[in-house]
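You will see subunit A twice below: alongside subunit B first, and alongside subunit C after that.
Presenting the complex of A and B:
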């Protein structure tokens, strides 16, 4: 530990520490107002019966949690949310790394290629999803038209009309939107890996795969962890894609936790149930974040 | 320590001063104070957004003390956007609503009686029959649009006008050929319960009994849903992918000339004229099942004024302004609805075959149920019909499940 840090600790709140706290205070205050308080208030609402404007009425204790935990529907929705997140993040990570590797190779037109890959991410998500809705249209959609005229499928499926295909279609659109961010982050991480390591590996006779496995992957592992964590949080809470494409249908087959929360709150004004579902979401995502940060800090210590 | 505190104090002073300077600058720029009037207009099919802007500008020119914030909101988002704004205590001064939402908003204590703010002469010009939002003798919503649903026929594919649902089935089967469909049926979730209601009412069904218990699983409900399943699965007259299409995605297939029949509303003429196809369109009534009386759906929309609105005096003036024939009649024409105002309904542009079909349908029409918790009830019934379409449940089981779930949700 350096001398200066020890000095500050010994002096308690004196000197630089006071300035640090003073400068941090507004940010901490804003975080308490805009993050801690709403989370706490959502938890409070889940313990009370409310009117339709979410005003608290009678104390109900944990009854709503007991109701939810004994409901089959909620477990199906949670299971689907986890499947949705794991599959989407995995696909985004694999595609992201593959594209980052391609964009990291020096060739003519590399800048244009990089620009093209960013476009889906730079576009407005709701507009992209609305476009996809028309692409997937069974009658006028570009996808089915292409499948037909190329002879790949004479009778292509109605993508958003059946539970399974609707879920896959939503998943694909979410992946399509999420890949550029992952690719960009991985590309930045790859560029920070010292070239000397690759040269040394080459001299030692390492193959392309071995260079990727033993130089690139360890070099980007910290970023990989952060990027997959962020992607998991965003994907789990990706409301836009599902709501615009299917509104959770057909017959609830694409409902995930976040769309279910929306339905219960803003459509049906069931604030207590929606708050309890939000608490579930918070707990699941907090657990994931804690696991990730433990792995991350353990790696840093090493 | 002293130095640090001085630096901190300077930062605070500088940020406060710069904020207030910025605020002063804004004030100087804006000139004399104007109060903002906020109105949310639903995005009806056919509505001309530029014309809506013209209305706002003309209102501001006539009343320079007001800044008009006229926001067009998608129908599918309007209910949720309103409830969010109401919960936050920041609703617009007024908005268009589906009249079926009114009881819910009254239950929230969110709406005020419009007669306090809108002039009597405006109300005197509204057809008394359009006042669906009159509850226990008090008017809570100003009629904005009212129109019955009817059937549109592509005469190049079928020139038959079915008298019963059974006839419709035969005619649709005959028209299903050469890649064309007999009938358009949206199956995805939409603002309203989509096409099930047409068949349900045609079979003589009612959603609730006198005690408020859900009766969607009545014999009429099961008959309607089984008939729809037959059209889809056995007769195969319905467009492919119907379950993935809401109204906005399904009806373009009809206007592309690829289907013979569609159950539709007031926007039919506007959409037809947009496409200007070579085939001719014909309008007819939605037929009942044999032995039943015709009962097409009538949909009414109203304007609600909100208790927490910031400028109720201003919105009253705006509504008076909007309901002049100069503005309301062209707006009605774009939306396709027959006018609710007496003076506009006499204009020649509202004497076309489509308006005649709607006027005839009005004679037997039946509205949505005016009950609290309808948003959730309709969502449950929609899920049930989808489960039946997907063969996850039989029509009877799906509707039994829906009735029980609706009663549970409404505490019955």
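Presenting the complex of A and C:
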């Protein structure tokens, strides 16, 4: 890197750098206007009282942040977002590793199995969430029917009707969407572990479990970290699943931070509060995002 | 303990793997199975208690009738406009930027790459309030363009990273040769680099197309006229109605999912390695 900087310096910054900036300008400009500036703008809105049309009225300083931090609702929503993210990512990781291990066994038809596992991720996500509305239907849905006839549940609930079960249903649909990515990444990582390591372990008399524990796991640990971070961000950000299944209801029982922001703004027209919540969300997301980028960047440079 | 031969052990492991795989596949594909059987059911069959597994008298009627029940053709048109618009705008801004970060030296390059990586994770929800206000201010509210710009901007960071990878992989010598033959830098990009990077470019184009096709939040927020709704919003409105005919809705869902499903399979490997970084490069 330092070498190339030196050569540029020697040549002078003229042509090449100017061209680079010109080529980057449209992308950077659009990103500043529609991504960076809006974050700054949302922060500004949060400092003012707003009317229902989201027009800025009186300056209020940081009062909304003080209000938010002292309100119980917000802590419930933040707590639920964390529960949501941690549970879902954990489940996605475990399912992902399990499926990757299964697909790593050589048998006829495993390529087809691999393709079939991708379908939930590959199909239009808002629309496959809508499919779940029908699957989860308490009377006509085939899920409750299956649970009844297999005896798994004699009296299955109206899933989206009560807070607790609605949250579980949303959580499951989010997990379901996230599993394929994890499985694919882990499978690719496992296949990149040199075969010779396994052979060496076999010669040393390692059992199947030992080979997994001491060869596979260390081999995929780096990718495990990146994939779980990425998955945490996606899970935390999953607006579609909750909004399409329950809109955060019943009675706010399935709201996580991201749907709460949307509800406060576009449904309840509490723009100042929603803006402050956006700033919160942004701070949480960028922390995780920076950690992810650091690690990814290091990998790329290796 | 009986020593099992290696062959038998492998066979047992295989059998076990196939068995568990089948169970997991049933769980993972359940909603699609439900869609595939229910879309051939008549209203009488689909609203039967207890539900039937398979249609007793399979019918294609849902596939014909749904076009009259809801403006499905209009939704398709809107989805196509948004998806293609996102592809065009994104490609126009990402290709030059991707070329710059991959092939040119300039101060601040590392910072720019890093900034693209971090912004890749931004949530549309965080900025949707401001974007809504901006879109109103510049009179783009209720236009396809508002959704297209938002989608193109939100796909830009990831696409630039992908392109950075593809462009960096092309030997410098090829470009130099073209320039010796009298091509300008931009000419060399157009005539030499782009054709070589074409497979990569196809990946990013498909990725942005899918992103636009699946857009939900920006369409939900910016579009107000029903005739401009894409499939995601159109079908969502339909789901919310009490008198909804699910047989028709599932037929429509099938038609809406199919194009992106096929496209996705073409690029899944590249997407996975692009998202997960160096460790799983193809």
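By our rule, the second predicted complex is superposed on the first by the 244 of 302 C-alpha atoms of A that agree within 3 Å, B and C clash if a C-alpha of one lies under 4 Å from a C-alpha of the other, contacts with A are read in each partner's own complex, and residues count from 1 in each chain.
Convention: a residue touches a chain if its C-beta (ideal position, glycine included) is under 8 Å from a C-beta of that chain, and two chains touch if they have at least 3 such contacts.
Remember, predicted model here, so these are calculated numbers, not experimental data.
Trainee: So, A:52: does it touch subunit B (first), subunit C (second), both, or neither?
Mentor: A:52 sits against subunit B, while subunit C stays out of touch.
Trainee: Looking at the overlay, does A:278 come into contact with subunit B only (first), subunit C only (second), both, or neither?
Mentor: The second partner, subunit C, only.
Trainee: Could you tell me if A:19 is touching subunit B, subunit C, both of them or neither one (first, second, both, neither)?
Mentor: both
Trainee: Does the superposition put A:266 against subunit B (first), subunit C (second), both, or neither?
Mentor: A:266 sits against subunit B and subunit C alike.
Trainee: Just to be sure I read the superposition right, which of the two partners does A:168 touch: subunit B = first, subunit C = second, or both, or neither?
Mentor: neither
Trainee: Compare subunit B and subunit C by how many residues of subunit A each one touches, and report the one with more.
Mentor: Partner with more touched residues of subunit A: C.
Trainee: Which partner chains sit in contact with A:82 here, subunit B, subunit C, both or neither? Use first/second/both/neither.
Mentor: neither
Trainee: Which partner chains sit in contact with A:252 here, subunit B, subunit C, both or neither? Use first/second/both/neither.
Mentor: In the superposition, A:252 touches subunit B alone.
Trainee: Check the residue A:158 against both partner chains and state whether it touches subunit B (first), subunit C (second), both, or neither.
Mentor: first
Trainee: In the superposed arrangement, which partner chain does A:140 touch: subunit B (first), subunit C (second), both, or neither?
Mentor: A:140 contacts both subunit B and subunit C.
Trainee: Both subunit B and subunit C touch subunit A; at which residues?
Mentor: In subunit A, residues 19, 23, 54, 133, 139-140, 262, 266 are touched by subunit B and also by subunit C.
Trainee: List the residues on subunit C that touch subunit A in their complex, please.
Mentor: Within the complex, subunit C contacts subunit A at residues 13-14, 17-18, 20-21, 24-25, 28-32, 34-35, 38, 46-51, 53, 92-94, 96-97, 99-101, 104-107, 109-110, 112-114, 117-134, 149-150, 152-154, 156-157, 160, 185, 213-214, 216-217, 221, 231-232, 235-236, 239, 246, 249-250, 253, 256-257, 260-261, 264-265, 268, 272-273, 275-280.
Trainee: Can you check the complex and tell me which residues of subunit B touch subunit A?
Mentor: It is residues 1, 4, 7-8, 79-80, 83-84, 86-87, 104, 107-108, 110, 187-189, 239-245, 249, 252-253, 256, 258, 373, 375-376, 379, 382-383, 386-387, 389-390, 392, 409 of subunit B that touch subunit A.
Trainee: Which stretch or stretches of subunit A touch subunit C in the complex?
Mentor: Within the complex, subunit A contacts subunit C at residues 1, 4-5, 7-8, 13, 16-17, 19-21, 23-24, 26-28, 30-31, 33-39, 41-42, 45, 54, 95, 98-99, 102-103, 105-107, 109-110, 113, 115-128, 130-135, 139-143, 145, 148, 176, 179-181, 184-185, 188-189, 192, 208, 222-223, 226-227, 230, 233, 236-237, 239-240, 243-244, 258, 261-262, 265-266, 271, 274-275, 278, 281-282, 285-286, 288-290, 292-293, 296-297, 299-300, 302.
Trainee: Over in the complex, which subunit A residues touch subunit B? Could you list them?
Mentor: For subunit A paired with subunit B, touching residues are 14-15, 18-19, 22-23, 51-54, 133, 136-140, 158-163, 166, 246-252, 262-263, 266-270.
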